[in-house]
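Below: one structure, written as structure tokens.
Labels run A, B, C and D following the written order; every chain starts at residue 1.
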Amino acid sequence: MIRELRPEDRLEWQRLYQGYQAFYGFHDRPAGFYDKAFARLLSGQAGDFHGLVHADGARLLGLVHYVFHPNLWRDEGVCYLQDLFTDPQARGRGVARALIEAVYAAADARGVPFVYWLTAEDNYPGRMLYDRVAQRSPFIRYQRRLG
Amino acid sequence: MIRELRPEDRLEWQRLYQGYQAFYGFHDRPAGFYDKAFARLLSGQAGDFHGLVHADGARLLGLVHYVFHPNLWRDEGVCYLQDLFTDPQARGRGVARALIEAVYAAADARGVPFVYWLTAEDNYPGRMLYDRVAQRSPFIRYQRRLG
Amino acid sequence: MIRELRPEDRLEWQRLYQGYQAFYGFHDRPAGFYDKAFARLLSGQAGDFHGLVHADGARLLGLVHYVFHPNLWRDEGVCYLQDLFTDPQARGRGVARALIEAVYAAADARGVPFVYWLTAEDNYPGRMLYDRVAQRSPFIRYQRRLG
Amino acid sequence: MIRELRPEDRLEWQRLYQGYQAFYGFHDRPAGFYDKAFARLLSGQAGDFHGLVHADGARLLGLVHYVFHPNLWRDEGVCYLQDLFTDPQARGRGVARALIEAVYAAADARGVPFVYWLTAEDNYPGRMLYDRVAQRSPFIRYQRRLG
């Protein structure tokens, strides 16, 4: 069942989000990193991130975090899906696909159909899904070199 | 000279922005497209786009549009540089580089060091510059298929 | 068991090679295509293709075709692995990996350590293996536009 | 004027080929590297490399090296254009384009229309030309990890 993230999900949510951070090589996020992210996801503040989870009772099978932000070419803005993760124990059951589709539905409800995300080029299991529910952008991304 | 976009730049700004849109294949933006974009750039509204121009008197040699938006991994958010264009007559004089660096400075002033943008894979003249002032992201981008 | 392709493999070999051609969208190769390829693989002619198969008795689980060709930067030349295919029924058992390693061994025996191949960017199952036994080349490939 | 490489081109050829090697980061090829490559290009041996040059009297403005090799999908084989270089002093005059087209003509004369080459992803000046006379292959290349 897909639903919004709730305060009582704190421990389960962190278990998953740590798995996601580790997937991208971040094994030692300070405790404060998770505190702050969770607080923002629940803040309900206009313009900040939203969280959805795939829950099986109290257990979480997957999570997704997204935000709406302005775009000069589109009055209604765009939706950036920053984080998506499925519990490794729950793979192959459509959890990630359902979460992406739930973001699509939330974005449509807000009148913001354009949804995008980033992924590692060699995230092959992820890309098998993404190729079905989305398309690779023809654009490449540059970023400022920092420290 | 690089400065913020001003109301009196309207005609010059549209001349450049039309050139930019045409570069990406959009030759027939309705008039309202330019009206709205210009109004947003000048609105001064928190969370909306900013515009900088490289001006030679009343003539504009280049423009850049950017916006700050939230990021769950970075408290301070990130800066998305959406549009960058140099008048074809003014190429090779460092206009685009100066505009990117002005965005870096504006982002630093706001405490948001991370700046990113997208470009066409075969925008070779642009990439020659971008490789010097930035780096290609290792991530690829997916986007929802729309109508 | 990995061994060289033999005349009595004709039917089994074509079954696999048709599967491989279909994977790349070639569903209707004329009969002569298979006749010629098989004859070349068995010709023993210096400079032409070699074939190895992963056999389980008379049944073939996989095939690989490779050729040596000159390279101006390497006196000994290089080895081009053109075709690699595992029977869909025999996936997940290390067939493809064993075939690649058999080509490496054959190339080493000939004093030609450099082995390369091409694949579709979205051949994710293949790339999961290739990333382990090889590396993606930093170079991109251009080809003449033909009719 | 484009013509075949000749024995008397030895010094001029090495000047260019060293420039090419340096472009790819090879600044210290041993003397024997150039001796061997030049001998192979002039050997006239079936199956080895050919060299064409763009000559302005005794001075060479550019060079190209290519070889034909077997391909199992094409009876007539394919043509690999390994090296292409224009004297930096002679850029912008169509030298590289003329050399590629001369290889196309030589390949056609031999009945081998398919010509391919590799290049660095960020060889932007080269790619501006290649996009006009050829197309980027949709395939990616893997190679064995060596030493």
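Convention: contacts are C-beta pairs under 8 Å (C-beta built on N, C-alpha and C of every residue); 3 or more make two chains touch, one makes a residue touch a chain.
Note that the structure is a prediction, hence the values are computed from the model and not measured.
Counting steps between touching chains, the shortest path from subunit A to subunit D takes 2. Placing every chain at the mean of its C-alpha atoms, the farthest one from subunit A is found to be D. Between the Cα centres of subunit C and subunit D there is a gap of 26 Å.
Rounded to whole angstrom, the centroid-to-centroid distance between subunit B and subunit C, based on C-alpha atoms, equals 47 Å.
Averaged C-alpha coordinates give centres for subunit B and subunit D that are 40 Å from one another. With touch defined as above, subunit B holds no residue shared between interfaces to two or more other chains. Chain contacts here close into one cycle, and each chain has exactly two touching partners.
Contacting chain pairs in the structure are A-B, A-C, B-D, C-D.
Interface residues of subunit A facing subunit C in the complex, by the touch rule stated above, are 122, 124-125, 127-128, 131. Those residues of subunit B whose C-beta lies close enough to touch subunit A in the complex are 36-37, 40-41, 47-49, 65, 67, 69-73, 75, 80, 82-83, 104, 113-121, 130, 133-146.
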